[in-house]
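Common to both upcoming complexes is chain A, partnered first by chain B, then by chain C.
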Partner chain A sequence: MVARVQNFYLQAYLSYRGLFHWLTPFPYFSNVVLAPFLTLLNFILIGRFASVGDVDRFGIGMVVYAIVWIYVGGVTQSFSNDRSGGTLHLLFASPASRASAYFARGAGHFYNGPLTAVSTTLLAVLVIDLNAGDLNYLTYAVAIVAVSLGILTFSLLLGNFAALYHDWFLFSSIGYGGLLGLTGVIIPVDRLPRALEVIANGLPITHGLSALRGAFAGEPLASVASDLLLELAVAGAYALVGLAVFTFIDRAARQRGILAGGEE
Partner chain B sequence: MRLVLLILGRWGAVFDGWIPRSPSEESRFRAPAGRSVAGHLYALRGAFLQQWRVTASRYQVLMVAISQVPTAAAAAWIARASAEQGISLSIAVGAAFVVIWNVTVFRTGFSLLDERWAGTLELNLLSRSPLTLVMLGKSLAFVVFFALVGLLSFAAALLVAREIAGIEHATAFALSLTLVVLAVVALQFLFAPLSFLVGAQGGFFNAIMPLGVVLSGFFYPVSLLPNWFEWLARLLPTSWAMEALVWSINGKEDLGRVALNWAPAVGLLICFALLEFGLFVRAERRARLSGGLTEG
Partner chain C sequence: MTRNDSMIECRNLRRVFQRGGPLRRGSEIVAVGDISFDVRPGTIFGLLGPNGAGKTTTVRMLSTLLLPTEGSARVAGFDVASQPREVRRRTGLALGGDRGLFGRLTGEQNLQYFAAINHLSPREANHRAGELLDLVGLGERRRSKVFEYSRGMKQRLHLARALLTKPDVLFLDEPTAGLDPLGAFEFRQLVSELKERGRTILLTTHFMLEADELCDELIVIDRGVVVARGSPAAIKRQFGSATVVEVSLREPREGLQASLMALPQVQHVETGVEGMLQTVRVHIPSDQDAGSIVAHIGPEHVDHMTTRTSSLEEAYLTLIGRDQ
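What follows is the complex of A and B.
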């Protein structure tokens, strides 16, 4: 058991350090602190320009979107770099546990989600007066962790396709665009067309964001528990589907001899 | 998608016609001092067409549609709730400029890197036309192509906003629009040497894209920014020109006030052009002296 944990930790550490190319000081600061805050500022100011009243709504949405920015970009590039760097086929040739290898590719990234959410919240409060006077800290912390898990498992699923098609820009763009437009970050889910509303309910963020809005309104953990459980259920579903896709790619790669160093 | 590409392809062909193709044609343009104006135009055209052909692809249209249109739709959804006149149109126009800015800001510099890796940068330096002109041709290809693709964001924003307001000062709008285009070209051209020097270092520039959107005021007048942000924004020609553009749409300010914004925009544009020319001349001279361009 201890050996398995050590192996998981080693894989998580090595894949994070080796495959995540934003891990140098300026790119890291740029992606974890600056870019998410500037995106939030942008939407708050659009709201003020349009004089729509409650612009904090957009601010809270963009706090969650900060997590999307760092996870989707970070995890999809890690999968793609794994393939282009010529290390993915070594994993497929090894007898290592596929579940362990798959989740280790996301584990190293996990702390970035809460970190960027907190830094974006702090900057929003300090610079543009996001109202956090009623914030329930416990609900906030649990909601951020739940949403982070959902986005991380979604990013891992996208990562599979990034490795398969050797293009992380396309799949990260799908993640950025889809989660911005469909999860209630800016446009409330109940204002979407019916078909899109159904899709939205199956995406990460949608339920967790309701819980986070509750946290900013001072609601205790118990009153948003159902939203949090739904968010965790969505995260679990993406984890299972993602692992199934990863296993499928693994088998296909072994049978067809693809995914070696980026050449098919 | 096919239709968009067809239209874009035709646009590329348009630029084939307006610049001389052969030395005999060039001689008609030869300047008295012996310098070939036509030769420079020929180089500009060549750089433009080369970059256009590399860039104009279905993949690029798809990428912009996926990555930029949701932002435009979200911004337009906010504008939709506004009771004020002209907000939706301002946001839609701004969304097109956001596409141009976000997608092109580092492309010119990265195209220099590509040329370096491919070993063709030396050929640009052997040309008698200045490197600035060659890079300007490439840069214009990016701006024109992504401006056309940016119309997707413009259309999506109008579709979501469901309101097309009239333009209060049409002539001022046209002039301001021209100024914004020139300002975006100047601003993104400034980053070419920087992105060349820094290289394609992962994620280095990800904050500069939203920073440019915020400081340029593509979605709102920069007077809404916090004080110290506004001070920075006022150093960019885009902020003055966009503010004039917004006022010419909603008519909140009279023509005299709109025109007052053009002066700093033009002044800053000239400063940027001189700075960029100086930077490119220095970079070219250094490259020629050190001979350090060949990869590896």
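What follows is the complex of A and C.
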């Protein structure tokens, strides 16, 4: 058991180091700190100049969207680099546990989510006066972790498409756009058309963001527990669906010859 | 081990690829038509053939990366289609080229990663990585990033990766492609050493020298089917011209090639220029006298003459019908 955990950790660490190309200082700082803060700043400024009442609502939404930025981009590029670098088919030619290999590809990225959320929050509070006076730190921390898990498992699912298709940017764009437009980051979910509201409830962020807004309003953990549990349930569902897709790709690769080493 | 004590046993392997997507079926491409062979334990078995012959597809089926469309194959006693995990535990796969390694990781970290996905414990992985990096001559560069490695170093790292699990069978797919002559020579020495240590090796190559030097047995594949099989010497005997008479002429002779081809014992004639001299290379059966060729040309026109047995390359060119 200990060896399995160690192996999982090694896979996660080394695949992250080997496949995530934003790890050098400038791309990393840009994607984890700078770009999320500038995006948040834009939305806050638009809100202020357009005299929108509660501009902090956009700020809190953008704290969560910072996690989308780093996870979707990072995880999908890891899968894509795995395919184009010819290492994915060696994984499929090994006796590796597919579940372990799949989740290891996301695990290495995990810490980036809370890190970018916290740095974006701090900058928003310090530079543009995001109101965090009532912040419940425990609720904030748990909500950030829950939302991170949801977005990470969603990104892993998108990563499968990056493993399967050369032109995978479409899928990551759908991921970026869908999560921005449907999960309450900008538009409150209850103002969406009914059909979209149903979809929103099945997406990551929606429930966790509601808990996070509660944290900024000073609500204790217990009062947002149901939202957090729903967020974790969504995360679990994406984890299972994503693993099923990954296993399907493994089988399809053997049957149809995709990824058999000739992919560029 | 397979039922007849072969380490690899292929029976009528066939692989067809379907063009088009999941919704639209296109035409079929037969990558491997019908291939059967056996590989004895502790030997090096060669798959020879031009690009597109079906060598790599065969290796991919044997290494469980592809399912055969028809036929069966057993590796180390296990069926590649129904027992892929067992096959994977007993085989190592090294593909030629720059791909298949993490350029941003060190050589040592690459091996640690592949050890982890092959269920080696971290302690065992570290030990094996050190041992193998020394074996392939990368011990001093173990902590260099792989993108800093030369092509030859990457090839040696591929080999080290394939050896991590102490596999019974090694698949080497064009391992010296793109290497300089010295790198290729060193790599061949390494492969010979592995054979001495009892490994069974399946080698695909289109380098005749490599096949001649390394392989105990081989098959020549063309357009997905086996066109010859046997030891390199047997294939040379069977399909080579057996004797090649190389003659350098004192002065160019017009029409010589055509007149030599008209001789009944001559199989093939090539002409060329070496420095100031015209050269003629005449392929004849081994029971024929080279003197008859000199007599036909006229001894007074001959600067010098040598005879030799035909090379595997010449046999190969004869086999695949692409004489140059």
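The criterion applied here is as follows: the second predicted complex is superposed on the first by the 258 of 264 C-alpha atoms of A that agree within 3 Å, B and C clash if a C-alpha of one lies under 4 Å from a C-alpha of the other, contacts with A are read in each partner's own complex, and residues count from 1 in each chain.
Criterion: a contact is a pair of C-beta atoms (placed from the backbone, for glycine too) under 8 Å apart; a residue touches a chain by one contact, two chains touch by 3 or more.
Just so you know, these numbers come straight off a predicted model, no measurement behind them.
When both complexes are superposed on chain A, chain B and chain C fit side by side without a clash.
Contacts of A:G236 after superposition: neither chain B nor chain C is touched. Once the two complexes are overlaid on the shared chain, A:G202 sits clear of chain B and of chain C alike. Once the two complexes are laid over each other on the shared chain, residue contacts for A:R17 go to chain C alone; chain B is not touched. Once chain A of one complex is fitted onto chain A of the other, the partner contacts of A:Q6 are limited to chain C, with no touch recorded for chain B. Partner contacting the larger number of chain A residues, of chain B and chain C: B. Within the superposed three-chain model, A:A93 lies in touch with chain C and out of touch with chain B [touch as defined at top].
Look at A:R256: by the touch rule set out above, it reaches chain C but stays clear of chain B. Legend: residue contacts after superposition of the two complexes on their common chain; A:P220 is shown touching neither chain B nor chain C.
Overlay on chain A (Cα): least separation between chain B and chain C is 13 Å. Overlap of the chain B and chain C interfaces on chain A: residues 21.
Looking at the complex, you find that chain B touches chain A at residues 62-63, 66-67, 69-71, 73-75, 77-79, 81-84, 87, 91, 201-211, 213-214, 219-221, 224-226. Taken together, the chain C residues at the contact with chain A in this complex read 15, 17-18, 56, 60, 63-67, 84-85, 88-89, 93, 95, 97, 99-105, 109-110, 112-114, 116-119, 121-122, 125, 161.
Residues of chain A touching chain B in their complex: 21-22, 24, 26-28, 30-31, 34-35, 38-39, 41-43, 45-52, 58, 73, 77, 127-128, 169-170, 173-174, 176-178, 180-181, 185-187. Chain A makes touch with chain C in their complex at residues 3, 6-7, 10-11, 14-15, 17-19, 21, 23, 85-87, 89-96, 101, 253-257, 260-262.
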